[in-house]
Every structure is written in structure tokens, then in C-alpha cells.
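The next part holds the structures, each set out as C-alpha cells.
Two complexes, one shared chain (chain A), two partners (chain B, chain C).
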Partner chain A sequence: MTDQQDRATRYGQAPAPLPDLIDDAPPLTLRQRISSKSVAPWIFLSPMLAFGVIFFLLPIIFAAYISLTRWNSLTAPRFVGLKNYEYLLTGDPKFWGTVWNTIYFAAGTLAVGIPLALVLAYAFTRAYGQAFWRSIYWLPMITNVVAVAYIWKFLLDDSFGLVNMALGKLGLPGPGWLTNPGIAMISVILVFVWMQLGHNMLLFSAGLANIDESYYEAARLDGASESQLFFRITVPLLKPTILFVLITNFITGLSYFTLMLVLTEGGPVGATNVTALYMYKMAFEDLRMGRASAVAYILFAFILVVTLIQLRVFRRGGVEAH
Partner chain B sequence: MAIVQSRSGGAIAWRILKYALLGAGVVIMVVPFIDMFLGALRTPAERLANPPVYWPRDPQWINFKRVFTETPALIWFKNSIIITFAVTFIQLLTSSMAGYALAKFRFRGASLLFRGVLGAQMFPFFLFIIPVFFILRYFPMAGGNDLFGQGGSGFLNTYAAIILPFTITWYGIFLMRQFFMGVPDELLDAARLDGAGEFRIFFIIVLPLVLPGLATLGIFVFVYQWNEVIWTMTITRTAPDLQTLPVGIYLLRGAFADEATQSLQQAAVAVSIIPVMFTFLFLQRFYVRGLTAGAVKG
Partner chain C sequence: MTIATRRSSALVAALLASSALAAPALAADKTITIATHYNQEQMAPLLACFNQYEAENPGTKIVFQQASYRDFLQTIMTARVGGTSPDIYNIYSIWAPQLIDSGTLAEPPADVVDFVNENYGKGSVDAATIDGTLYGIPTELSVYQLFYNKKLLAEAGYDAPPATWDELAEIAAKVTKKNDQGNITVAGYAYGPTVANAVHVFYSQMYAAGVAPYSDDFRKTNFLDPRAITILERQGKLFADGSTSNSVTTDSFASSGAAMAIMANWQKQSLIDAYGDEFEATVGIAPIPDDGAKPGTMLYSFLWAVDSASKVQDESWALLKWLNSPREGGLSCTGQMLNDLGALTGNLGDLAAMETGDFFTKPFVDAIESGAAKSQPNVWQASEDDRILRSYIEQVWAGQMSAKDALTAADSEVTAILAEQDN
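Entry: the complex of A and B
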């Protein structure tokens, strides 16, 4: 507060107008100016804006440019137009295989993971000992992916892993979980579902907690069975949450590749080589930055279409997506 | 119990089934961790036996010490701590600053910026790996580079290269904005009338009010960053001094390939899990809020 204002209030007069409106008032100091209501928000936003330009807008444009070049990162990039895209979509013997693997993985995690998470969340939501169940089911979700990969590498070992030893005790032949090209992707899907189960259970149980208990009580009075309660009340009322989990899981699945990189390195014989992993190895092992950026953009375009469908569905379904 | 008795037989059967399901799930969730733990305690001889000995007869607790003396785990551990704490602190600061501006100030372009924050979340991480790597590599005036980004190695081979791409997350900004929306405008106006500057208001008055929000974002970022693999690996592939626990364990996998050293690998894996497990057990209620905020409505 300026002296002038101070004096005015002290003598019981109406406070003087704000100093910057008075012509002969002393000019604001730099300090006051910076912490004024009109400048402050921009200072609060400055880290975000700087980051947004350097690590968000610039990379998006830069990646688009690289995708139009041939560049091994050691010599100068050479502009080749749309050749990278053309090669990937029409000439590359591996690209479409990785797309198929990506869809297989994303759809597989949904098919296995969503029903499992839904049923377990339903059992969990009205059970005793919430804190206990929760801590255990979330354990894999907070475990780093390298640990998950090495835990399962030992468990799924062909001859001496716990899984195949247990199957052997039951007299069943244990498959080569990570060595058989026909089975490796299924193993990756199962491990991923194991990792993500707690996350999806959490989303479902948040949705389940929103369902009014009175629906169930009314239905029980009418003599509904437990399975009727689940399929006639829970599932319909939970539809927005189920849709949300389905679509966000699908998008995550399409862009995911860390587990494949660490657990199977895309093998055996490319059976778990998803498109994002194909891009990563193309860039940092084969040093084909241009073509890898084109892979990234094609995959991104595909994911964007799915995302836009998601937004439409949610607007109609009344779910606010973040 | 009277309530249970008044229910039908089907309801009781469902109760039993419910706990059987949850129990079976627990076995599948926990057994892998126990398997790893037992593995860390085995002797090389027990591993070499045919078939291998499953329950270690002479548990090698010393393996948890050997991990730190015979592998670079101590360096990895130190790097994990430095990077995780730095990223968590920076993100709490930047996200709350931006979230506060978007929640509590009216200015030209505010809604456009907020829509930008929401839209930016649609861009997947993999799209940024290649360009950001080279932006850091050719960053002007960093790591011996000249004004045009030539001559040196930029931010590569420094902590900055690992930390900078995680100084801000759009989700963090969104989350903090939601928490700031709950702070009443009257409180801010009262502080302004008392002559407090905007920064004093933010740091002294508003931030303490959103401590639950900071805890939520903090535990979220902590768990994420401790477990981050792809980016850290991309940057530190040729810089062993900067590797974190998960990345170090993965990149040194060749040295852990035989029966003599596999127990050490499993012990290292256990070491990489334990800190985040304990943090999580104490702060999990905040984690729930982070995951469900904005996800489910209706």
C-alpha cells in the first residue's frame, strides 16, 4: 500500500483510487508490476509454456520433418518426400506384421483383462478387508516393468519355471511360453493383464461405488438372483465406466511396447514385435531415424482415429474423459 | 448373523464364491513375488541341480549385500533416488503453478490454453522419443554446443537429459487445476485486499490448502518415475554412471545369465521394487484419487 492510501484510510476518508490510476502517482516498482493480477498468471504459466514449445510443439514438427528425410543421425538428413511412408505401407515386409501384432496385443489385453477386472472389482467392492485386497492387487501395478519381466522370465522358463513344473505335476505338457512363436504373444498379454489388473479393478470399483445400494435391495426384495443382479443392474449401470476402461485400455495397448522390449525383445521370430517397438529398434539400433519417424506418425494417426471415436462416444455417453 | 440368514441360499453361495475368487486372485498376484524372493536366496549349486532345488535349504541372505558390493546397484540406487526426487519436486512445482493459473485467473486465452492441456494428453509418448532425443543432443549452448547446437554433445550424458522431458506432464497440470478449483475466490480476494502479492498468496496461502492434491500428484509421479524405463534407457545406454535400478538391471542382463549370478539378479530386482512398495503402502489412498480423478463420472 502506498503512503497516500495509508493516510487516507487512517483519517477515516474514502480510500484513494488505486495508485496507477492517478496521473501523478509514483510509478509501480518492477516487483509490484510482476506480482500484479494481470502479469502473475503468465509467470505461473511460463514453465508450462516454455516446456510446451521446446518439448511438445517443436518435437511434433521436428518428427514430421524427420519422417520426410533419410537420416542416420550421423550425417546430414536428406529430404526424400513421402518415400518413407510409401515404403512402409507398400514395400516393407515387416510393417503390416507389426500392425497385426499391435492389434492382437491390444485386443487380447481387453478380451482377457476387462472381464477379469470387472468380476474381481465386483467381488472386491462390497467385501470385507478392502485395504488388504487392495494392497495385494496393486502390487504388480507399482512394480517396474524390468522387475515384472525378470520375475516372469523365471516363472515361464521352459523346463524349470514354476508354471511348467506345476503343469508337469498335474501331468500336463508345459508349452514354451516365451520360446514358441505361436504362444509368446499370449504370454505377453497374460503378463500385461497381470500388471494392469489392479489399475482396471480400481477404475471399475470407483464406478461400482457410485451405484446406489437401493437398486440391489429393491431387486433382492423382488427375488432376483445374484447373477441377475450382476447382469441386469451392475453391467447396465456401469456401462459408461466399462466403455471408458475399454477405450483407454485399447489406446494404451496400441502404443505400448516396454514389456515386449524387456521380456521378449520382440521375438521369438518377431512374434511379439509390435509397431511401437519396431519404431524404437529401427531408430536406436538400425539408426533409420527418418523411416522410424514415419512409423511413429502412421501409428499415431491410427491411434488418433481411435481417440476421436472415443471422444464422440463419451460425449454421447455422458462420461467426462480427461 | 440375522442378515445373512434372511438372505437366500444363492446369496450365501455368492459370498463364498466372492472370497474364493478374491483369494485365488491373491495367489496369482503374490506367488510371482515369492518365486523371485526364493530365487534371490538360492545357492548356485541349488540352481545347477537337476531338477533345481525350489526351496533354498541354506538361504543366502548375503545375496542382498552382494548386490551392492558386486554389481553397480549402489550407483543405480543413487541415480534412481536423485532422478525420482528431482522429477517429483519439479513436477509438483510446475504443475501446481500452471494448474493454479488455469483455475484461478481470468485472462485472454485461458480457455484455449486449458483445451490445449487436455488435447496434448492425446499425443502418445512414443511420438516424442526420437525428436526429443535430438533436441537434447543439439540444444544450443548446452554441453559444449555453440549457438547453433553444433560442436558438443548437448544434454546427453547428463541428469538433465533424463529429467528435462519430465519437468511437466499435462495430466499433472489438469489434476492440480481440479484441486485449485476447490479453493474459494473470496479467500484470494481477501488476501489481495490485505496487500499480499500474487506469489505470496500462491506459496503461503493457496499451496497449503491443496496439500492433498500435492500428495496425490507426488505419489503418482514418484511411482511413475521410479519405474520409468524407456526414456532413461534411451539416454543412458552408453552412460552407465547415470543408469537407474530398472535400467541398470536390464542393460547388464548379459552379466546375470549364468547360475552363479542369477540369484544376484533376482536380489537386484527385489531391491528395485522395495522402495516404491513401501512408499505406496503408506500413501496408497492418495494414489487412488490420482487414478480416478476425471476418469469416472456418471
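Entry: the complex of A and C
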């Protein structure tokens, strides 16, 4: 007897009828359950979920565990707590140098690459053969980075490279583009900008196509110059695209290392040794998987913080539009 | 008996019959997988030997796997994690300490130990020995000596290679040519971009100066020995004098873009290809210059090793012993391959059977046979140690640190790593 019935009986009331707890409907068959709205979406999503769990979630969790161990991948990991993080943040004589190089590279690629891509995209929207120019500038993106590195190595050679030979013809000095520690990172930034230019131009071109021509017509009727059209109409209306390109390029820059690996190997004198490259060598040359995982997590935390700040600062700019 | 039961009985009978037929074949078939960094073309003599061995040993199959030198250690790691590790490796001796620490390498049986001790030179046996235990059969040896371009030196007025480092610096300065922009077109001396281009050279110079890079127990460095500091100071001075630069590499030697460099003997074939008929008239080999100490240099070695997880360890060691034993022609199978590559070996029988009397090879062989060439120390985390040392050497080259400060910093970092093996 339920508590409610017991209380009603005690006070001389007729007990309330019991709720109908028995469902007369026939049970669902397996096929019906699978095709029901609550199950079917999960079945369709399951391949992607399994992929995500196996290739993203589990490695992330495993890396977090490994970062707390000393492991060379040949023997069982040995738990060392936060020692890897402690060493990197307070004892490693090279780690902070690589962080600085990473910031230098990421900021440099933004400072040079974004304005250049924007100006070129703007110019080509007003030029004949837009598709042709886009294709030309897109070509480096589909060229293997190893091939890119070899070509630029030849071009930037101190004594016999085409760049310095051209400068020599003009009576100018020929710097050690890839051999002078003070210049090497600038060279890497320029090569990377060259590689990424087509990609960024394409994004800006898409953004420019969304700006209504009537704004320009109205401004021209009011006597606006070309530079005013660019700075007063194009740039403000392109802000969401600019912010999107800024954020994605900065994140890419912070975690990028392939070009440095094949072009300079992090040299000369560690001038182009970015954190991701340092982590790669730590893991696969020194077999320090635990410490390398700790670097990965520090880099991840850094990128997360920078991205959150960027999103916060630029929220009003309408980055959500993308 | 129902139809289903009859079918089941027939299936079981068929399976038993097929198992009975297959059992002798399975027992006889043994596959030995060999991984090396040599490619198919370089391996040709050994591949022919594999075929011969298979013919002489029915039921044994040999599979060759190639992995690039750069990825070799990673390949071993991945294969072991996946349970597909090869049975035999051809490994760089400095990888051995970590592979042994992780239990990857098997100890050879007594007959193989005796075979190595009886037939190989001390330097190469040392390279394959870790903490007093031999772990494999030495193969390729590479020895460092001074390479000099006879024609470039003659143009500058020198008809003999430098005997001391001061002479080397003097000749290098005189040979160096620069373009209008001040960039070097012909360097007096060349280093290179790889870790070995700096660190092996530094170690070789240390041996030439009479000091080993590490203490005997491999727990400390000798980087702070005054002779080591002097060597690095002199290297830095070559950069400061403008006799070399980061843009000049050892590769420049093959195009007469550099007059001198300390390099290993495996460069022979590429130099023959580069200079053709002018090879002997152009290239000269000399002992590493120092200040009059006894000749000294460094050698590094590869070795055949067997994986401790291999299920065919006995067969693998037997195969390796066969591959390294002399044949009728004099050279062993491994010796034949190394001979064709223009490489050297620690196998004394092979070394005697090889044609090593030419002007190029003789100085290297002399260094091995005289004991002047000392084995590269198989220290803990050798690749990492070398990379750290290279980073500090580069700072001296760039004029960013004094030799003493750089080697003090390198010593501090490397010693900390060496201490890890006892933790």
C-alpha cells in the first residue's frame, strides 16, 4: 500500500484509485527502436563519433597521461608527476627561446601576410582575369612543402642564389637569408607568407564579393577617392573576414613547423627553432615522449588562451558571422 | 545421424586432415626479417647472399625491409609497439644504449661473441659493446680524416696539407675567395648543417688532441678540458677570420667550393662521381691537424643486432655469422656489400681482402689498424647529447658565446642527461 493510500484509509476516506502503471502498448521491435527518432541519429553519427573518440579524444587523454610520465616508447611509462612541466617552464634553457620564436613567426606572418593578401585580393577584384590570378597565387598552396623549401634554398643561397645575384647587379649587399641568425626567421616568414598568400586571398575575395556594389557607387557620387573607398568601406565591411583570417592564421602560425624542418632545421643557432619543431625533435629524435607531450599541452594552453582573448576582443567585430 | 551432425563431422575431419598436412610445413618454415637503412640497390650483394642462404637452408625465408636512416629508430619503435619488429637490425652503435636499456636487443650466443672477438678490430668491437657486453656483429665503419683539395691548395702556393691547426688556419685564409658582396665563393674550410658535421668533427679533433670526449664510465664529459676549449676557440676563429661561414657546407667540397673539411670515408664514391678522372689529382686525405700530438681521430660504426622479441633468434644469429664469414673470394657477404659501397669494415679479414691501398682509402685503414681511430662513445641519449653540443658549438661559430662558456653550458646539460641512466 502506498503512503497516500495508507493516510487516506487512516482518515476514513476512500482510497484513491491506483494510477495505470501497466502499458498495454506492444513492446517496440528492434527495427522500430533503431528507426526511432531517439536512436537513429546516433546510429548515423556513430562512425564520426567513433572516429573522433579513437583519433582525437583517446590520444588527447593518452597524451595528458604521458605528459606526467617519463616514456621513451620502448619501455613502460614511469610516472613523474609534473616534473616535465616544471623542467620546461623553469629549467629548460631552450624552451622559452622557442616560444619567443613561435610568437615572432606567428605575429610576423600576420603582419606581412594579411595586409598583403587583402590588398592583392582587393586589386584583383577590380582586374581582368580574376580566376587566373587566383589560380596563380593558389599554386604554392598545392606545392609540396619539401619542394618549396628546396626551391627557396636555391633562391636564397648566400653566394649563388638568384636573389643575392639580383641584388648584386643592383650594387646592393647580399645578406645571408638563411644563414644569418638575425635574418633567418624573416626569410622563413616571407616564404610562409608566399605559401599562404593564395589561401588568404581566396578568403578575402569571398568576403569582398559579399560587399554590395551600391555602397561604392554612393560613395563615389559623394566624391570619395579610391583610398577612401578602401579604408572607409571595404575594410570596415570586411572586418568579419579579416578577423577570421587573423585568428586562423595566428593559430596556424603558433603550431606550424614543417617549413622550418625542411628549410632550416631550426637553425642557424636556433633562430628558427619554434616550439612545435622543438617538440617534434624531442619526441622522435630524443625519444622523450613524456616531455614532448608536456610541450604539446603547454602549446595547446597557450593557443587556447590567445584564441579566447582574440575572440573576446574581436567579438564586436562580428567574427561569429563566420 | 542428422544432416547437420554429419556436416559438422565432415568439417572437423577436413580441418584435422588439413592441419596434419600443414603441420610439417609450418614447423619447417622460418621467416627472418632483416631491416637496414641501405636501399635495394646498395643491398644487392647481400640480397644475392640471402637467396643463396635460402637455397642452402630449405624452409628458411629471408625478408628485407628498408627504412631511411633518419627514420630508422622511429621505425623500430613503431614496429615493436605494433608487435611486428624485424628479427635483425643494422643499427648505428650510439642507438644501442637505449635499445639495450629497453630490452630491445638480444645478447649473442657464445659462439658469435668468440667469432667477433677473433675477427674484428678493437675499435669496432668497442663500438658494439655496451657496459662490457657485446650486442652484435660490427659492420660499416666510418673514420674521419682531413680532406683537402690539392688544386686549390696549390693555387694558393701550398703543395702539402697542413700538419697543425695554425697551418690549416693560414692556408684556409689564403685560399678563401669572396664575391663583391663579401659572400664566400671558395671557402678555406667547411663545416655543415648536420649535427655530425659539427659534433663528430669536434670529437675527432678531441681524439687528435689526445683527449676523449667523455670519461671512461660515460658519466661525465671532458668538454672543459683546456684542449677541448682550444679546439672550439680555433673553430670560432675560422668563422671570425672569414675563412668559412654557415653558407658553406661539406657538400661544397665536391664542387671545389671548399678547400678543406674533416669528413668521413663514405664520401669516396660521391667524390669520384664529382671529380671523375681528376679525383686523385684533386682530392687528398691527411691526418687531422693538431699541435703535434699522436695522430688520432674518431670512427663510428654500425652493427648487426637481433631483436630480443624475435622467435627465430638462433636462426638469426646463425644467418648473421654466415653473412659475415669469409667466402671463397675472400670477402664475406657483408664485406662485399661494404666494398661495393666504398665503405670500410671492422672485419679484419674483409679489410685485408678489400682493395684499400689506394691514396684515398689507405689513410683511413691505417687509422683503424694503428688504433688511432677511437670509437665514438656509446653514451646515454647520444643523439640528444650531440644535438645539445651542436647548438652550443654554433653559438661559438656565430660569435655569440666564448668557447669556454659554450662548453660549460653544454657540459652542464649533457652531464645531467648522462646522470639519467642511473635513475
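Methods note: the second predicted complex is superposed on the first by the 263 of 322 C-alpha atoms of A that agree within 3 Å, B and C clash if a C-alpha of one lies under 4 Å from a C-alpha of the other, contacts with A are read in each partner's own complex, and residues count from 1 in each chain.
As a convention for this text, contacts are C-beta pairs under 8 Å (C-beta built on N, C-alpha and C of every residue); 3 or more make two chains touch, one makes a residue touch a chain.
From a predicted model like this one, the values you see are computed outputs, not experimental measurements.
J.: What's your read, chain B or chain C touching more residues of chain A?
T.: With both complexes superposed on chain A, more residues of chain A are touched by B.
J.: For A:Thr272, using the defined touch cut-off, is the partner it touches chain B, chain C, both, or neither? Pick first, second, both or neither.
T.: A:Thr272 sits against neither chain B nor chain C.
J.: Touch test for A:Ser73: chain B only (first), chain C only (second), both, or neither?
T.: Touch status of A:Ser73: both partners.
J.: Tell me the contact category for A:Thr102 with respect to chain B and chain C: first, second, both or neither.
T.: neither
J.: Now for A:Leu287: first (chain B), second (chain C), both, or neither, which partner does it touch?
T.: Only chain C is touched by A:Leu287; chain B is not.
J.: Which of the two partners, first being chain B and second being chain C, lies in contact with A:Gln196: first, second, both, or neither?
T.: neither
J.: Based on the superposed arrangement, let me know which partner A:Phe55 touches: chain B (first), chain C (second), both, or neither?
T.: In the superposition, A:Phe55 touches chain B alone.
J.: Of the two partner chains, chain B (first) and chain C (second), which one does A:Thr234 touch, if any: first, second, both, or neither?
T.: Neither partner.
J.: Kindly list the residues of chain A that each of chain B and chain C touches, one partner per complex.
T.: 73, 160, 284
J.: Considering only the defined contacts, which chain A positions touch chain B in the complex?
T.: 1, 31-32, 35-38, 40-45, 47-48, 51-52, 54-56, 58-60, 62-63, 66, 73, 119-120, 123-124, 127, 133-140, 142-147, 149-152, 154-155, 160, 162, 165, 194, 197, 199, 202-203, 206-207, 210, 220, 223, 225-226, 240-241, 244, 248, 251, 255, 257-258, 261-262, 276, 279-280, 283-284, 289, 292-293, 296-297, 299-300, 303-304, 307, 317-322
J.: Taking the touch rule as given, give the residues of chain B at its contact with chain A in the complex, in rising order.
T.: Listed in rising order, the residues are 7-8, 10-11, 13-14, 17-19, 21-22, 25-26, 28-33, 35-36, 39, 51-52, 54, 93-94, 97-98, 100-102, 105, 107, 110, 113, 116-118, 120-132, 134-135, 164-165, 167-168, 171, 173-174, 192, 195, 197-200, 202, 223, 226-227, 229-230, 234, 237, 245-247, 249-250, 265-266, 269, 272-273, 276-277, 280-281, 284, 287-288, 291-298.
J.: Any idea which chain A residues touch chain C in the complex?
T.: 72-75, 93-94, 157-160, 164, 167-168, 172-174, 176, 178-181, 265, 267-270, 281, 284-288
J.: Note which residues of chain C are touching chain A in the complex, please.
T.: Contacts found on chain C: 73-74, 77, 80-81, 98-99, 101-104, 179-185, 193, 245-247, 381, 383-384, 387, 391, 394-395, 397-398, 400, 409, 413.
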